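Per-chain residue numbering starts at 1, and chain names A, B and C are given in the order in which the chains are listed.
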Amino acid sequence: MSETVTFKLNGKDVSVPKGWTVMKAAAKEGVEIPHFCYHEGLSIAGVCRFCMVKVEGRPKLEIACNLQATEGMVVSTTEDEVKEAHKWALEFHLINHPLDCPICDQAGECSLQDYYMSVGKYESEMTRPKVLKPKALDVGDQLVLDTERCILCSRCVRFEEEITKTDALGIFNRGDRATIGTYPDKRLEHNYQTNLVDICPVGAFTSKDFRFKQRVWFLKDKKAICPGCSTGCEVDVYGKPEDSHYYRIKPRHSEVNGHWMCDKGRYYYDHMNPVGRLRKAISGIEGSRKFVDTDEAIADLARKISNSSVSDMALLVSPQYTNEEYAALLEFFVTQMGVKNVYQWREPTESTEDFDGILYRGDHNANTAGLAAALKAVGLENNIENQFDDLAKSGAKLVVALAPELSSTYPSLKEQINKLEELPFVSMWTIDGKVFEYPGINHAIPMKGFAEKKGSFIGHSGVRKLEQPFPAGNEHARDLVETVEALTKVMAHL
Amino acid sequence: MTHEKIILATEGKENQRSIDTYLANGGYTAIKKAAKMDRKAIIDLVKASGLRGRGGAGFPTGLKWSFVPPDDGKPKYLICNNDESEPGTFKDRHISSVNPHMIIEGMLIGGYTVGAEKGYIYSRWEFQLEIGYLEQAIKEAYEAGFLGQNIFGSGINFELDHYSGAGAYICGEETGLISSLEGKKGQPKLKPPFPALEGYLRRPTVVNNTETFCNIPHIITHGAEVFRRYGTEKSPGTKLFSISGALNRPGVYEVPLGYSLKKLIEEDCGGLKDGKKIKAVVPGGMSAPLLMPAQVETATLDYECMQEMGSMLGSGAIMIIDDQQDVVDLLRITTDFFAHESCGQCTPCREGTGWLKNLVNGILEGTEGPAAVDRIYQVADHMEGRTICALSDAAAWPAKSYVKNFGEEIKAYIEKKGNRA
Amino acid sequence: MAGVIKVASPPEDNNLFQKGYGYISTISQGMWKTWSIFWEQITGKEKTNTLEWPEAPANYSDRFKGKHFLTRRPDGQVRCTACFLCATHCPADCIHIEAGQHPTNEIEKYPVRFEIDILRCVFCGFCEEACPVDAIRLGPEYAMTGNYGEKWVYTKDYLADRTQLQGGITSVKDEQEKHPTTDHHPNGEEKIKALARHMQH
């Protein structure tokens, strides 16, 4: 049985398990204690001296992040002394901070800006020249480091020590010459670099990929699940719906992924952007292929299906769609129409048992388990191995192929699709605009991206839900549920 | 005026440093007595003696030793803080070159009492000569069987090593010292947890000043009452004062606590030379607030009096500022030093010391007006009490003291320089 | 006689002659007015409000908000750091900026594209107020003409470098750094006066 302690926070009684700090208790109660160096996912440093609180009976202010709550303690965050401490803590942080707001990507989500507006708003007394340090350094494939903006909170150093255990960052020199940096001629080499951008409270670490692309106050964010591997980290996708453009992905805290995500997943917004995306359906039934509206393509396909026999038809499914989509698809093709030839499309070079020890798994599909369950539910054998080659040799006359949403997770994709050239009719449902280049593909329906769908995956640790879709990137994109619904409608009239 | 020398007992003797001299002077008998005593009894004895840490903080030694938890089968450590970086202090250097064996004996007793079987003497790197003396003394002690396993058959194990710093004032702070000893950057650690519970390598560690250890053999041998013969009720014992300035006889003096400051200056040190007069006195190292001449008249060298007068006894480094010295230059030395030595971990100190240095240098360059004087006070005021260690306070106190006592003089300097406001 | 309100007698229906007279009378009054003013103005008795521009100068105040221009740094590059504040504050949503990495580290961020859709612009001047470095200003030029079908989007080159700007106007921020003690910035003021004068030709 763990004990609880009860103490007073701003006059209100708060009960927390023994061992909790006042900072953690305040976060639970929704009382804001401003801080820089404290981070829930990292050890306590206590170096920013910003989270000061007044404890009755103690002469000096205490930092809340290292203050264990004890029975009967009386803590206040609203005393004048505390407010004065906040102002001066900000003053000390800002006196050598460069005036980079116009060129700094962190503007709009910067702790210094936010806290100045909420607890600062003082007139600065500093008139002396500022300390200058190296700026815009390339320290990793995903990172740009600006040491002048750094407020030496040491979150990045602790991240390197505790999470990735790579110890690639340190604070060199002392006093106000202290500078964050990597060891001579060493760069960051691991797959979790962009988390440093997330935890850095200011614009010292910025993302190379996102650099200067957009101001964050123009972006809207919605919750999603990273589709890159079977871990299924919870993420926020940031985009500008009015332009149908996505800009970045950031992790969201959850039990599955803690506060982090890997760098691979950071790029899985780009395939949903207009450039490179399949914007219209393709239909080649009347002869040469051309771009058509999705409804027309679906009608063409429906006709083709109704003119074929069930034994000549085949389904090729990749494990990157949602459970709901599989249910609809298999209900239509297998249960209602009786198609028996359902093949799984996987990458032949994959090693699904790989795990890097932190988050990234070797199964680069979001819903392997979900597809297996869906197939089992309709009485089809689950075979996790790549069945692509079997399909290519099968001689099926009409194939509906559901391409992987993330072409980059299937390095052999091009090779595989070219094998389909032999088959007389292949309809590929995909988001990738490159599909037009493959001669073997006669018909294509543009798909929605994962951030535009509502649904669920079954990841390594259970159900992962997509709950906040963006509006579809273009009017012709569909998900499987909608496509099957439309097909059903058209076929009902044939 | 001659005083009884307890800590500096071997001073001036032939081969003052050697173990033979020490033994001839009654050395290494206290440890033999302590070895037969109960650990708790020793702690009680040290508590009763009222010995306070001589490094600067003045924390009761017996109390510090009592915080160490009982044995849990894992190692504990005892560290002698011989870093002595407080400007103006040179007493530990003196002890290291005059009576190094007393340190070793004090550590032996301390180690036995708290259950530490490994000790380190951490000296500042600049003690090139003294490091040699200490290492020689350690070697002699090992050879004579006073260090190592089962020393003189008592069952006590104590291994002692010397470790030198690399030129950082911050390593005189106990957790900064521990970080440095662990091979890391000498940055102080958050307290809590306190070193007595989690120190070196996260094990219970006791860190005491060199001079503090030197008092221990005397207390064990002669008892608390004899120890209390000198000194005051709350500040018992003798203390080494390193006194410097334009004096006839500056140096290290061992006097009882509570001794008159005026007497020390005029009688023991022979007063100021060349007809100079006292402008101010720094009683406890550069970070101590100044004592003005009126206070010097009645000041006694003990913790309470110094605190009442708004200053601190600190490390006992007394610096005499005479009337021919430039106050602005002294302020510059102070702010430059702390800006150079700040470890940079926590923001008020890192930025504040830099800002103070910047302001004072601005005054010297002629780019700051009289408002800078009040600015210095304001910045220093907000650096106090907000940081992991006391360096920020140590930087703030002298700055505030100079502005408070010599504010007008600094403003006159600014005006004379013709700065723009 | 409570409850009875006397009303004016309803208008009688005018007969044809009365109606005709009404029309002719008002029309001739109106025409008399028109021709008499015309006569007075033609003979110079009354001053017209018409400004015979471009022969006569059109003098707007110094605060007039006309065509935008982007200011320059002392070395000739655009002052704009692509911070997007002007685009954020624009109520007409007419500023489109694309930021890019500048080859030199001193500048770091600069606008690769800076476009103002001048047909959407309402000349409110918010962009000028929002800019933290005086990179964009609304100048004295008011003649913006063009043909249907032309692109009415002012690009960065046009905004910073058109001939009328005579090589570009240095931003106040850079001038302040060069002359910190005065509010008088000769380079910019001269050129803006020249721009205003240019409107007179």
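Observations on the model:
Simple rule for what comes next: a contact is a pair of C-beta atoms (placed from the backbone, for glycine too) under 8 Å apart; a residue touches a chain by one contact, two chains touch by 3 or more.
Keep in mind it's a predicted model, so treat the numbers as computed, not measured.
Taken pairwise by the contact criterion, the protein chains link up end to end in a single open path, with no chain closing the loop.
Looking at A-C and A-B side by side, the one with more C-beta contacts is A-B. If you average the CA atoms of subunit B and of subunit C, the two centres end up 74 Å from each other. Subunit A and subunit C have Cα centroids lying 46 Å from one another. With centres defined as mean CA coordinates, subunit B is found 55 Å away from subunit A. Of all residues in subunit C, only 81-85, 88, 99-101, 105, 108-109, 132-133 touch subunit A in the complex they form.
Subunit B makes touch with subunit A in their complex at residues 168, 170, 185, 190, 192, 339-348, 350-355, 358-359, 362, 375, 378-379, 382, 385-388. Note for the complex: subunit A touches subunit B at residues 44-50, 52, 59-61, 66, 68, 85, 88-89, 91-93, 95-96, 125-126, 128-129, 131, 151-152, 154, 171, 173-178.
Across the interface of their complex, subunit C is touched by residues 101-103, 107, 135-136, 211-213, 215, 217-218 of subunit A.
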